[in-house]
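In the part that follows, the structures are each spelled out as structure tokens.
Two complexes, one shared chain (subunit A), two partners (subunit B, subunit C).
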Partner chain A sequence: MLGYVGRRLLMAIPILFGVSIVIFITIKIIPGDPVASLLGPTGSPEARAALTERLGLNEPWPVQYVTWLGHTLTGDLGTSIARRSDVAPMVLDALMNTLILSAAAAVIAIVLGVAVGALTALRRTGILARLGNALALFSISVPQYSIGLLLIIYLAAGAGLFPVSGMYNPNGDGGFVDLFNHLILPAVTAALVPAGIIARMFRSSVLDVMSMDFVEALTSRGLSHRRVMVHAFHNTVPSLLTVAGLQIGYLLGGVIFVEAVFAWPGIGLLVYQSITQRDLPVIQAGVLVSALAFVVLNLVVDALHGLVDPRIRA
Partner chain B sequence: MTATIEASPNAVPGSGAAPTTAPRRRRRMTVSARIAAGVVALIVLVAIVGPLLVGDPNAGDAARRLLPAGSAGHILGTDGQGRDVFARLIDGTRLSLLAGLVPVLFAAVVGTTLGVTAGLSGKWGHRAIMRTLDVFYAFPAVLLAIAIAAALGSGISNSIIALAVILVPPVARVAETETRRLADLDYMDAARASGASRLAIATRQVLPNVAPPVVVYCTALIGLSIVYAAGLSFLGLGVSPPTAEWGLMVSDHTQYIYTAPFLAAIPALAILVASVAFNVLGDGLRDLLDVRSEARA
Partner chain C sequence: MTTSLEKDPAATDTTVAPLQVTDLTTTFVSRHRSVDVVRGVSFTLRRGETMMLLGESGSGKSVTARSIMQLYGSAAKIGGSVTMNGRELLGLPAPELRSLRGGQVALIPQDPTGALDPLRRIGSQLVEVLGVHGVATTKQAARRRAEELLAMVGIPDPKRVADSYPHQLSGGMRQRAVIAIAVSCDPQVLIADEPTTALDVTVQAQILELIVELQQRSGTAVLMVTHDVGVARDFGGRIGVMYAGRLVEEGPAAQVLGEPRHPYTSGLLAALPTPGVARGALRSIVGSPPPVGAFPAGCAFAPRCPQARPSCHEQDPPLVTVAPDRAAACPVANPGPAQERAA
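On to the complex of A and B.
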């Protein structure tokens, strides 16, 4: 088992290397002059030259890449152009908030997805199954920003059941109840799409397993329906893990729309605000940190995979 | 992927008999899939001729802003600048559909080429292609699209490029999986033994068999792509105002969410209908494919 995890960790290194190259390339394809945007229109030619030198922008690209990578690895993510402060603490704070939102959404998505998937797989006819199928299809097709808006219109602004935006009430005590109230609507919004996908995949996975020979064998050996279902469920866990892992990763990206709509102070909102301000160091750092979180998450899913399915460890 | 495709809920044990003796081969799509196909055809038709039939989508009358739906001359009312919402919705169909469709077409061509090449190459070629694509899986896809679009600057062509980049890896994976499955079959050995060139094998033997699953997969991707494309516009990374486009309309109308909540729902509903239609059509095509592969087995 340890060897398996170790191999997975080693395999993550080239992936992370590739990620860093992709992010570096997105920095470099940006049209416009970073020096001009830092100095503003009043910068003198001497100041321009000095800043270009200080930022290392006259070095060849590979040198710039190595320098950038060195800074990144030591936790120096640069300085925000718009806010004039270090990017690293800003991004880490935002990442915490995004992880809170993603975790809540993941729980909702998995519970809802498994429930709907199991229901539609085991009862293929009837109104509930049809409703479940329609719900699964609907939720994967619906744009998150519009669902979020509709929830705001009817539940927050209209009925006043939940706060419209933000993470804490500015006049509140910042306690758990306050956080929970602010969390519900964005979490449900973010959970809808992954819930639909998990439901559809889990449905086909249950159907797969139920058509396997061992189910028939166990049944004919006289096991109760419940015992058979326990065995069957055990066999759906690996594929459920894969899908759920992928979907939680998807959440890390999809929450940007949710965060933008609900003004949730996470990576997504930070990146969204930085887009309008053309604050590129923050955008890069945000994407880099999300990718990092995503890779770590995949490692955890892989490790769990190895734990529940011994065949994979080989 | 193949596991879910082959394990059709309708699979009849023992249907491996010769196709001629198979009692009933359902080759028709379900009712819902046919309705979806109709809706897709309608959307395409509206995208082509719609803009010619409605008035100028940018003609606004400040005195007639935020009229409710059903007002005289404005079926869906007017927006915050007094522009006819129906005209903008119809006119926006073209761009919204294009912004969703073009990235998928691009990804289908590039992804299939990469996937088939990887599937037919030796160990190192296969590794080089698939490991490079793996890097893109290390990003949450939407965030990567946003980063690319933000880096290139807003504009519809940049949003199309950004979406195309993130859609290539999944299509390539589908094509590669299918190619590897085919590579073990007898007829491929026969083709190789008969001295067919690699290119001939790829285009004549592999491509016709890889195409159906890729087409099915891509049909479902169109729905996703439309939602993403509108999402990029919503974030301010797609078309620039005052162009009529669904995602931009949602973002435009959001500021009137308290005074005219129905307004933001209209373009959102259009995105939803288009996305659902392509998803249902994709499902229908997959079912159709299941039946075919069952008859072949």
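On to the complex of A and C.
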């Protein structure tokens, strides 16, 4: 098991290396001149040259890449052009907020998805199963931002049940209850698509397992239905992990819409704002940190997979 | 082992057969239609005896075996009677059925890979069954018994195998483990559904030998389902040939295979290669078996039968005694006044 996790860890290194190259190149080829955006239209040619020199932008790309990578590895993510402050704490704060939102959304998505998936698999007929199927399809098909806006209009602004946006009440104590109230709507919005996908995948996984020979074999050994179902659900865990892992990864990246709609101060919102401001260091760091979170998540999912399924650790 | 059985006076009566199947019918019901798969099968399995159900795919042999254990739940309607030591099994309440399954009747399924939970160690799967049937009361005792059972089915290092997952074992080892689970609670009837079909030829013989050995040791009655005439010949005992959901011929294996009475059995044997005979000597039966759910009126074999009489297409001939200890469901096999077979 340890060897398996070790191998996975080693495999993550080249992946992260590749990610860093892709991010660097993407930043280089997107249009927009950071020097111009820093100095504004009135900057003199001398000032432009001096700033270009200071930012190291006249070095060849490979040199720039190595310099950037070196800084990044030592924890120096540069200085924000727009906000004139260190990028590292800014990005880490935003990442933490995104992780809170994604974790809440993931819990909702997995609980809902498993419940609806199991229900529609085990009770294939009946109103509840049909309702479950329809809900799953609906949640996959509806765009997140429109659901988010509807929730804001009716539940937050209209009924006043929840705060409209943000993460904490500016006049509040910043405690857990405050955070929880702000968290519900964006988390539900972000959870809808993954919940629908998990529900549909889990449904077919339950059907698969229930049709496997060992279910009959266990019954033939005198096990009760409940015991047989414990075996069956155990066998759905590997595929559930795969789907849930993918969906949480998708949440980490896709939560940007939800963060924008609900003004959630996460990494998506930060990157989104930085793009409009051509704040390259923040974009770079934000994307890199998101990619890192994604890789770590996959590592965790792989490790869990190995823990559940002995065939994988071999 | 099971208290309900100890109270049953029939259990101690050796004249009562461990398994008696009378006029068994199995009908699969779905929302749109119902399909008769087993149509009136009767046979008796005595203590220590082996009975082979021989037939092609779709002949209903596996369904017969599973119907005895009532593994289809609400998917199938099962009619007729199945008794163990005189006690009726059909319609038993769920708890009694559970203690029966794996306790007094055990199943060895065809594919050992599918029969084991891939995520559980062999030992834990054995221990679970021992626990469910109350054979071992403590964890340590169950574990010790599990290793004994693995050793008994010829696994050389039972400790290691008990700690292994199914995918870490070879197919033959897996089938041995499945057999260990099946015999763990000392069943009176062991149902083996093509136990060697999924295995290499070299391993097949070993597994069959193991089943014979276990049977001789414990006096278990074995109901073996197979499509393989070779297996049926090696195994001996009694044989029941099935076609289209019916038993068409029954008797001691050597006699049935040596001197078949039913035209279907003859056809089946003629289609087998015999060592030393040229390839061209093989004869296949013309046509193919009727699909399940579309059995013709009269004898289901009549459309393919070279000796069919006009009456065969109208009336399904009953299984009647054609010689001492032998029965066939065919008027051709039974010239002279037909006498309905008693048991």
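Structural remarks
The rule is simple: the second predicted complex is superposed on the first by the 314 of 314 C-alpha atoms of A that agree within 3 Å, B and C clash if a C-alpha of one lies under 4 Å from a C-alpha of the other, contacts with A are read in each partner's own complex, and residues count from 1 in each chain.
Methods note: a residue touches a chain if its C-beta (ideal position, glycine included) is under 8 Å from a C-beta of that chain, and two chains touch if they have at least 3 such contacts.
Note that the structure is a prediction, hence the values are computed from the model and not measured.
After superposition on subunit A, the partners subunit B and subunit C are seen to fit next to each other with no clash. When the two complexes are overlaid, the chain among subunit B and subunit C that reaches more residues of subunit A is B. Residue contacts after overlaying the shared chain place A:Ala291 against subunit B, while subunit C stays out of touching range. Shared-chain residue A:Ala217: touches subunit C; no touch with subunit B.
Looking at the shared chain after the overlay, A:Arg227 reaches subunit C, while subunit B stays out of its contact range.
Of the two partner chains placed around the shared chain by superposition, subunit B is the only one that A:Leu137 touches, whereas subunit C remains out of contact.
Of the two partner chains placed by superposition, only subunit C is touched by A:Pro310; subunit B is not.
Computed from Cα centres after superposition, the angle at subunit A between subunit B and subunit C reads 70 degrees (steps of 10).
Contacts of A:Asn235 after superposition: subunit C is touched, whereas subunit B is not reached. With chain A fitted onto itself, subunit B and subunit C come no nearer than 8 Å, counting C-alpha atoms only.
By the touch criterion given at the top, residues 3-4, 7, 9, 11, 131-132, 134-136, 138-144, 146-148, 150-153, 223, 227, 230-231, 234-237, 250, 254, 257-258, 261, 264-265, 268-269, 271-272, 275-276, 279-280, 283 of subunit B touch subunit A in their complex.
Across the complex, subunit A meets subunit B through its residues 14-16, 18-19, 21-23, 26-27, 29-31, 124, 137-138, 140-146, 149-150, 152-153, 157-158, 201, 204-205, 207-208, 211, 249-254, 256-257, 260, 268, 271-272, 275-276, 280, 283-284, 286-287, 290-291, 294-295, 298.
On the subunit C side of its complex with subunit A, the touching residues are 66, 69, 71, 98-103, 106-107, 109, 111, 114-120, 128-129, 132-133, 165, 167-168, 178, 181-182, 185. In the complex of the two chains, the subunit A residues touching subunit C come out as 212-214, 216-224, 227, 231, 234-235, 308-311, 314.
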